[in-house]
Every structure is written in structure tokens, then in C-alpha cells.
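First subunit A sits with subunit B, and in the next complex the same chain sits with subunit C.
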Partner chain A sequence: MTKTLAIALNTFKEAVRNRVLYVLLFFSVLILFGAWLASTLSIERPERIVRDLGVAAINIISGLIAVFVGIGLVYNDLDKKTIYTVVSKPISRWQFLVGKYIGLLGTILVNVLIMTWVFCTVLHLRDAFTDEATNQAIYRQLESGAYEYKGALAHLGYVATSIIGAVLKGAANILSLGFYSTPITEGLFLASVLTMLEMMVIVSFAVLFSSFSTPTLSAFLTAFVWVIGKGNQELYLLAQSLMKKAGGTTETMDASQELIYHFAKFSAHIAPNLELFNQRPQIADFAPVVVSPMALAYGIVYSAGIIAISVLIFERRNFK
Partner chain B sequence: MSTVISMQGLSKVYVQDVLGFEHGRLKIRLKNRRRVALQNLTLDVAKGEIFGLLGPNGAGKTTTLKILMGLHFATAGTATIMGRPVGDNAVKERIGYLPENPHFYDYLTGVEFLTFYAQLYGMSGAGRKRRIEELMSTVGLGHALDLPLRGYSKGMIQRIGLAQSLLNDPEIVFLDEPQSGLDPFGRKEVRDLILSLKEQGKTVFFSSHILSDAEQICDRVAILHKGECIAVGPLTDLLSAKTKEYEVAFSDPAEALLDDARRRAARFVQRKNEYLAVFTQEADARDILKGLADGKGHLMGFTPRKETLEEYFIREIEGKRALESGNGRNAQL
Partner chain C sequence: MSSSVRPPSFASARTLSQLAALALCGGAAVVMQGDYFDTFESRPELFEQRLRLLDAPVMRVMTLGFKDVYVDYMFLKAIQGLGSGWIRPEASREGMYNYFDKLSDLERDFPPLYAFGNLVVADQGKYIPGGQKLLRKGVEWNRGEWQLAQLGIYNAIWLANNPDDARWFVEMAKRMPEAPEFVLRFEEYIERRLGKYDAAFDVTVDYFVRYSEAGNEGERELLFNRLNDIFDQWNLQVVEDAMDRFFEEKGFLPQNMEELLAGDYFQRTEVATMAGFISAVEMAFGRNLTGDEAKTFIQAQSRQQVDGLPPDPKGTWYFLSSGARIEIEAKGDPSSLWPEDRYAYVASISSYREVLETQIVSNAYRIKNSIVDGKVPDDIRETYEVADGVGGHFYITPDGEYRNSTLDRLVSGGDPRLGARGRGPFPLPLEPSLNDFQNDFDWAQKKGLIDAQGNLAVDPLGRPLGELDEPAE
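== the complex of A and B ==
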């Protein structure tokens, strides 16, 4: 176990020294602030927009990290032959692969937590800088009923304390594992937990593909599984509606319909059902977010299965 | 002497699926390209010896080492190390391995790197720290403890590679081309290190195409050519013990002596007023030396030369090639 963790820790170190990771993190921060900006364009219920956009951004950026940082991790070891000296040490090949998986998952976990923290901070800032809150803080009402500006210093003080407060409150959201939350950050921690479950599955595919193919092909295949997995329920519905239209048999379909029907049905069955981890409608509607035992079990069992297949491939291959 | 490494009929065939492409009438098909990297290799290495696996590039040296390290799987045959099958974790605990032109995690510093590898051996605490510092100074990297490996020169990478192969104080050390990419000074250091490992009672199994390095330290060698083992044994048995050539260097010779030397020598080199004559017969060399002793010139040097491993190597492999082309011709007829 300590050996697997040593591999995991080294994988984490490798990932955090990868420049791509920081580019993606930088983008996530831009998008999260952009979500705030976008919400100001909304006439009705801007909170809906900001929460939905933010959770989607965290989900997509995590997926991109899994694809672009994850793919290189196993392949680089094979390509640069660093694996020679690792595997000739008294560890088994499965320990190496599982270590890589845990390391990459750890990297994504840290990133998801950072992004969630930034997001919560953005939301707290948004609360602090509404016109109402700001005016209340920087104007004082005189006895005559008129308002007086408290001065630039007081204004600056308010801005500074709000920023510090927002950062601290954001941290509290994360550190309390979501138990502390204000109305606007309600359920966001659980949404990130669901994103992590989704990443467990995606990263296991990244490890599977990169254990036998090139980085470009693995990136493509992993991204493919991810996209199909997200649209998997729609694909299934598409197949069903095609079948219904055709009157319950493929014989009455024309060639293109039949092709689409089979593709949709095949993809829907083979790809993981990532919709299980999607509760963005609940997030947008401020409805309670639930991590169902079904989602938890699905994530764990599915990724364990994929990792087991990767190990079977990896145990038998020659290292070039 | 007990056998610690044993290979029985080890073979490796690489099969590569290649997409064949023909233009006329566009045909695409899958071809199998087979390459025999190792053919029926049977070898035993005894405890405590320095064993050299020699041969030109592509002879199958690295393939043999990869099979022994469990990185590749043999197509046929078996290999055991200390009586256990290769790739067994109990074996890996007791051996060290340095691959050819090694690459390591270059974002780690020297100490971080060795610490990580030591963890893979389950080493921990103060003992680990002491061992790492000790090894870094043994391989002459005491000054580069906290330098990231990406700042290391090729020679330094080779040294830290040696250090990682010795972390667990192994009983058998496998080194793949340990001296490649090193300057003469570094080569000598590696040679000294291998000899000191032998003194500590360890077995060293290494591959090389630099024959002079192998010649000075190997107890026994095996010579591979195109995946086949063409000779195994102690160097003294492989190389003919008798002197092969006599080199006489002299200057200011008398006319008669010079003519005599030129006529009898197998090779003759002149540089200004200095001459180098190489004789294959002892009598010829003796006569010229006598003439020089009689004052017919100045003797500058005399060297009897035995066959070198290099020469043996060329002789064996060329014999093999001649045989192959001969067979080819017969087959054509």
C-alpha cells in the first residue's frame, strides 16, 4: 500500500509541475468570474445563471484536466522509459497503474476543491457588492433623512473587508464539507462531490486508453467517452423514438435511420451513464442536491471495473 | 560456485502488425512483420562473477536484460534468478538494474528521486536518508543533491542511475551499457565501481559493445550476434594466449637493417626518422632487435601483442558472416 501511495504521490508531483494544469486553472477562474458578469445580463433570477454556469465550468475544466493532463501520465513513463527502473523495483505492475490512477484522481480532487473555493468566493463577492449592500455600508442616513457618503477611506475599507470575507467564507464552505453555506452557495459542495464521482469514471478511461495507445488517440477516445456518457440518456431516447416512429422494427427504417439507431443504441449501452452525476437543474432551482447511493455505487463499481481491465492489459504487455 | 542467473533456451520474437499499402488498384492489408531478437539463449552465471554480455548493436543484449527484468516476456524458454522466476517481487528485492541510456523523472531533485525509489523498496526513516547520502557521494554526486535531474548532464544521469541500482544493496546488479555516453574518466570510474562490487561479493551482469572495457574486468563473457550466442567462456579461453604480433619501434637505422626490417615486416610505418615495424614471427623481431643491440640504430620500444577481444570479436563475427553469405550462395545455386 505504501508503495502504491509513493507512486501516487510522485504522479501528483508530476501533474502539478505540468504547465497545462495552470492554464486550465486560469481559464476556470476567468469563466467563474465571467459567470458573475453573465448573470448581470439576466433580467430574471440572475442567481440561476451564475450557479448553473459556475457548476458547469468546474465540471468541464475538471474533465479537460483529466483528458489533457491524465493521458500523458502513463504514456510518458512508457515513452521516456522511466517505467523500466520503476517496474524492476519490487512492486507489481497493478500497483504502478493503481498508483497512477490515485495520483491523477488526487490532482483533480485538489483542482476541483480550488475551483469550488474560487466559485464560492465569487458568489460571496457578488452578495457583498450588490447595490443595496454597498449603499448600506458606505452611506449613513442623517436625521434630516438625507444620505451622507462616509468617505473614500470607509469605502475602501468596505471593499477590502468584503474581499477578505468572501475568500474566508469560500474557504469555510469547503472546509466544512458543505455544512456551512449561505443561500447562494447551498448545494455547491455536493455538486463538486458529484463532479468528482464523474471524474473517477473518466480518469479510469484515461488510464485504460493510455495503457495501450498513443496520447493523441487516448485523449480523443477519453473525450469521446465523456461526451457520449453525458449525452447517453438523450441517445437512448433518440434510439427509442426512432424505433417508435418505425413502428417497432428496424426493417421499415431507411439506411441512415438504421445507422443512427444502431449507433445511438450501441453508444448508450457501452458508455458510462454520466447523467447520474448531473444535478445542475437542482442547482439552478435551489433545490436540494443529493448524492444518491446509486450514483456513489455506480461511480465506484464502474471505475473499478475499467481499472481492472487496464490492469489485465498492462500485466501482459512488453514495455518498448 | 552456485548458479544465480540461469537462462534456458530463451527466445524472443517481436511481431509487429503493419498496415501494408499498395497503390495500384489500392490494396490495404495487415502484414505481420516478425523480427527474431533472441534465439535459444542458454547461459548460467555463477555467484560472484563479473559476466559480460557482448555484441554489436541489435545483437539482443538489451532484449536479454529486459526479459531478465520482467519488462518483456520471452516467446520461448525460461529464465530464473536465484532459483526464482524472473519478475518475482522477491527477486526484485535482491537485484539492481540500470537500463541503457536511462531516463528518470526530471522534475525531481537527486534526493527526491532516490527517496521515491527507496520507497518502492519499502525503505524508510533515517536509514533511507543515510543510504541515499552515502550512495550520492559514492557515485560522485555529493554536490548535486538538491539539483533537479533536468539540470543533470548525461554523465551525471548515468551516475544517479548507478546509485538507484544500488539502493537496496543488491546481490546481483544488472547494467545495460553502463559505460555508454561517458568520457574516459567516467568509464574508468564505472569500471572501478564494478570491481568494487565484485569485491563485496556481488554478481555483476552487464552488457557492452565497448570491448576494451569488458576485457579488463570480465571473468566470463558471452558473445551475441543477431540474437544468437556464438561464444561463452572465460576471456583467457576465448582469446588465443600466444603472442600474435611483435612491434618494434626504432630510429636512425643503418641502411641494411632498414631494408631487412622493411622486407620482413607485416606492416611498416615511417614517420620522419622514426620507424615502426610489426612482425608476425618471433625470429624476425629477434634479428632486428639484435641488429639494434649491435649499434645499427636506436631501439625506441618493443611490444609483444596478444589478440584483443576486439580482434576476436571481429574474427568471430566475420567468420559468421562469411558462413551466412556462403550458405546464401549455395541456396541460390
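== the complex of A and C ==
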């Protein structure tokens, strides 16, 4: 276990040195602030828009980190020949691979938490900088009923305290594991937990593909699994509706319909169902977000299965 | 060898040629882009493109679990498009409808999509049935959203003129616990619009009893005013029914109320009256009746049989406006007109009072200004002192105040027509004329509107009677 954790720690350190990670983080911050901006364009329910876009952005950026950081996971060690140093030590291949997996997962966990913190901060800022709140803070009402500007210093003070307050409240949302939340940040921590479960599955595929192919092919395959996994449930429903329309038999379907039907059925049984981790509709509608035992078990068991396959392949791999 | 790895200097011919190529390509791109945007308005297909959305099941697959984000994006895009593409004449109405229909298939529980879709499709695109379909769908999928039902009622009544549709939305609103009372009270309004004044009356009494028991005085007052309107229109309908019979028999419109009262055009009918209602309420509460018992009692006791001209609930009477009748006849064969247009000249003094007051308010300001500008009242009498449509006239007092002789009589509490109730006989003709009161008679004679015997020198539209004999072109 110590060996695995040592590999994991090393992988984490290696990943945080990856510039791609910072580029993606930078874009995530831009998107999260952009969600606030986009919500101002809506004539109704801007809270839905900002929460929806923000949670989706965290999910997508996490997926991209998993794909682009995960693909070079094993390949880099092979390319730089560092794998020889590692395998020559008393460490099994499975420990190496599992360590890599945990390390990358840890990297993504940290990133998801950072993005969630930034997002909660954005939402708290949004609450603090409403016209009503700002006006109340920077104007005082005189006895005559008129309003007086408190001055630039008071204005600046309000802006500074609002920013610090939002950052601290955002941190409290994360550190309290979601137990502390305001109405606008309700359920966001649990949504991040679900994103992490989804990433467990995606990273396991990244490790799998990275264990036997090149980074480009790994990126392509991992992205492909992610896309299929996202649309899997709907694709299956589409297949069912095609079958229903065809009267319960494939014989009356045309060639393209039959192809879609078989592909959907096949992928539904093979590819992961990432819709299990999707609670964005609940986030958008301010409904309770639930991490179901089914989703939890599915995430753990599915990724463990994929990692087991990776180990099987990796243990038989010739590094020459 | 070493020169090949050294970066070329900025002044080298190679760098300059690269920069020139870049400038050329960049410049061409900017020009092309500019041309693209300059011709944006004349290319409707650019706006039309976004109207064609795929079916929801396909979109659900293609959005890869981000359907809610896609809907948000398309919703924001639609908001931005409202001021440009949506209102282009080239954008097809069905296309606009389909856009929101498909999006709402994708995300059924996002109420703003239906409300905004209705705004685009029905209000901007004038495709009312499309807007109604969206709202119906919205109500069906979002059972707590009474605002959608309210929009549906509004559209059905004022835009689509479709009472069945309005009734459906009211029924749905009634099943929504959060729906406020004012939305539910549309039920009464719809019945009134349909001419079902008895149903409208019964619904109003129901609310009246409930508010009385809850001690809600404000709402009670509002309902009193509404009852006045219901009685007014209910009674007016009795007059119109009589006119229908008259028109059916004679083939032309009645010239005045006496003509209508002369035959059996008024049949015995049941109406509710304000006097009956007040007395029924006093009796019901005197007997400590509550709830449904009180409601049923008031509904029954307020009604009475009327076998002639029904009373105007506001205390005056109905008359036929000759000026309006002439205008209606000028439209052609009255039988080709809708009854509501054909009988638009049936008026009540209470409604006419509003007309008089509006005229006074609109002219009083101009008259004051004229006096400030140095004109004495005599200079402006010609312009503002005219006959009204109910046998009175407007006049300017020496202080420059603008008044009306009919309104004076109404305000002083006098009945300007001495009360025409039931079948008559009435002390004065029911068609108001300038002969009815001495001051109006004197004024009209001085203005040359009637001769010494009181015969009209002009028609009710103010045209000299001689002109009417000229052959029409």
C-alpha cells in the first residue's frame, strides 16, 4: 500500500507540473465567471442559467483534465525510460498502475474542489453585487428622504469586503463538505462529488488506454468513451423508441435504423452509463441533489473492473 | 550551416514577404467578413437556419447529457434573437413555434421557455394558436405554474377570442393551489364575455359570500362594481334580444326606443338587479345564512322577471344613439353585420357619462390655455360649445370652466330623462333630443340646430338636413 501511495504521490506531483492542467484551470475560471455574465442575459430565472452552466463547465473541464493529463500517464514513463527504474524495484506492476490511477484521481479531485470553490465564490459575488445590495451599502438615506453617496472609500471597502467574504464563504462551502451553503450554492458540493465519481470511471479508461497505446490514440479513445457514456442512456432510449415504432421487430426497420438500433444496444451494454452521475437538472431546478448508493457503487465497481483489465494488459506488456 | 539555424532578421526580404502575405490574407479576410455582416440583414436564411431544430429524442442523444445546458444556450440565443431575426417577416411562424416546441420537448419543466415562446410566437409572430399550444403544453408539464395559465387565459380572451380555450386554462388554474384569486375570478369574466351573465352573476355571488365571511371589505367593494357591470350588460342583452326580434320582423334597425317598445319585441325574461341583490344580501345575512346556503339564497332572490325595458342598474336608462345608428347603416346592409356591431348604438347613460367626462377633461385644458393666451371665452365658444349625443350641450362658463348640461343634471342627482322604466308610457321620448329641456332648447335654437318649432335643422351627425337629399355618388 505504501508503494502504491508513493507512486500516487509521485504521479500527483508530476501532474501538477503539467502546463495543460493550468491552461484548463484558467479556462474553467473564465467560463465560471462567464456563466455569471451569461445569466445576466436571461429575462427569467438567471439563477438556473448560472448554476447550470457552472456545474456543466466543472464537469467538462474535469473530463478534459482526465483525458489530457491521463493519456500520458504510462506512456511518458515508457518514453523517458523511467519505467525501467520503477519495475526494477520491488514493486509490482499492478501497484504501479493503481498508484498512477490514484495519483491522477487525486489531481482531478483537487481541481474539482478548486473549481467548485471558484464557482461558489462567483455565486456569492453575484449575490453581493446585486444593484439592491450595492446601493444599500454605498448610499445612505438622509432625513429628507434623499440618498447620499458614501464616498469612493466606502465603495471600495464594500467591494473589497464582498470579494473577501465571497472567497471565504466559497471555502466554507467546500470545507464543510456542503453542510454550509446558501440557497444559491445549495447542492453544489454533492454535484462535485458526482463529478468525481464520473471521473473515477473516465480516469480508469485513460489508464487502460494509456497502458497499451500512444497518447494520441489514448486521448481519442478516452474521449470516445466519455462521449458514448454521456449519451449512452439516451441512445438506448432512442433504440427502444425505434423498436417500438418498428412494431417490436428489426425486420421492418430500414438499414440505417437497424444499424443505429444495434449500435445503441451494443454500446448500452458495454460503455459506462455516465448519466447516473448527472444531477444537473436538479441543480438547475434547485431540487435536492442526491448521491445515490447505486451511483456510488457503480462508480467504484465499474472503475475497479476497468483498472483490473488495465492491470491484466499491463502485466503482460513487454517494455523492450 | 550555422546561418540556416539562425532566425532571419526582421528586415530580411523573407520576413517582409511573410508579413506582406499575412497582411494580404488578413486584409482579404477582414473585407470578406465585413461584406458578410453588411449583407446580414438581406440574408434571411441566416435567421431561418436556427429555427430548424431536430426532434427531441435525437437532440437528447446529441447533447450528450448536457441537454439542460443546450436548452439554456438556445433560450439565451432566442432572447437575443427577439429583437432581430424573430421579427423578420421571412421567419416563418411555424418555424418559430417549432423552435420552442422542440426545445420544450427537450426540457419540459422550464416554464420560462413556454412564457417566452408565447411572447415570440403569439405576440411578435402573431401566431396565436402556436402560442396557445405552447402554453397548454407548459401548463400540462408544470402544474404549479399558474402564471402560464394566466397567460393562456389572457391570450384566449384578448388575442384569440376563444372562450373554450380560456375556460380550459381557468380549469387548470383552479387545480393549482398557489394560483391567486384574481386568476380564478377570470371564470366570471369569461362567462360575462360570452354573454352568459347569469353564470357570471352566480360566480360573482359565490366570491361575494366568501369575501364577506372572510371580512375582506376591499374585495367586496370590487365585486359590487363588477356586479354593476354584469347587471348593465345583462340588461343590455335583453334590449339587444328585443332588437333582434324587431330586425327579424321589419328588416331594418329600430329608430328609437319607443318603436321597440311598441310591439312585442320585449319578452318576459329573468334578470338580476342591484336592488334585488342588495335586499337578498340583507335577508341572507339577517337570517345568518352562510356558505353555500347564503350563496344559493342570494342567487335566487336577486333575480326578477322583467317584461319590458329593463332598468339600468346605475340608476338611469338605455337609449338608442341616432348618430351611431346612422354610422352603422352607412356600412351597408345591417343584416350582414355581426349583432355586436349591428347593435353598437344601444347605449346606457352610465356609459355615455364616461364619454362626456372624457370630452370635458380633454377640452378643458385647451380652453384654459386659450384664455391664458388672451382669447376671451366668446372667441372659442364656436369651437367648443357643441351638442352632446344625449340631448344636452357643452358650454363654457364666464370663468372659463367647461361643462355639460346633461352631466350637470346627472351630478345634481336629477334623472335627466325622468326615468324610463318598464313599458312606459314615458313623460319624454326615449330618444334624447335637444327639445327635452328648456336651456338646451334655447341654446340649440340660438345655434341654429333646431327651428322655432323644435324640428331638427341638422341630422344627428351635425350635417344640415338638406345635404342628405343629395344623391349619393
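The rule we apply is simple: the second predicted complex is superposed on the first by the 320 of 320 C-alpha atoms of A that agree within 3 Å, B and C clash if a C-alpha of one lies under 4 Å from a C-alpha of the other, contacts with A are read in each partner's own complex, and residues count from 1 in each chain.
One rule holds for everything that comes next: contacts are C-beta pairs under 8 Å (C-beta built on N, C-alpha and C of every residue); 3 or more make two chains touch, one makes a residue touch a chain.
Everything quoted here is computed from the prediction, not taken from an experiment.
Three-chain overlay on subunit A, with subunit B and subunit C fitting side by side and no clash. Of the two partner chains placed around the shared chain by superposition, neither subunit B nor subunit C is touched by A:E186. In the superposition on chain A, contact is made by A:K3 with subunit B only, not with subunit C. In the superposition on chain A, A:V87 makes contact with subunit B only, while subunit C stays out of contact range. With subunit A as vertex, the superposed Cα centres of subunit B and subunit C define an angle of 160 degrees, given in steps of 10. Legend: residue contacts after superposition of the two complexes on their common chain; A:P281 is shown touching subunit C, with no touch to subunit B. When the two structures are aligned on the shared chain, A:R48 is found in touch with subunit C, with no touch to subunit B. Contacts of A:E258 after superposition: neither subunit B nor subunit C is touched. Remark: least CA distance from subunit B to subunit C after fitting both complexes onto chain A is 23 Å.
Remark: subunit B residues 66, 69-73, 89-90, 92-93, 95, 97-99, 102-105, 107-108, 116-117, 119-122, 161, 164-165 touch subunit A in the complex. Residues 2-3, 6-7, 9-10, 13-14, 17, 80-82, 84-92, 316, 318-319 of subunit A are the ones that touch subunit B when the two sit in their complex.
By the touch rule above, subunit C contacts subunit A in their complex via residues 57-58, 60-66, 68-69, 72, 75-76, 79-80, 109-112, 115-116.
The touching residues of subunit A, counted against subunit C in their complex, run 38, 41-45, 48-49, 52-53, 56, 60, 227, 230-231, 233-235, 237-238, 241, 274-275, 278, 280-281, 284-285.
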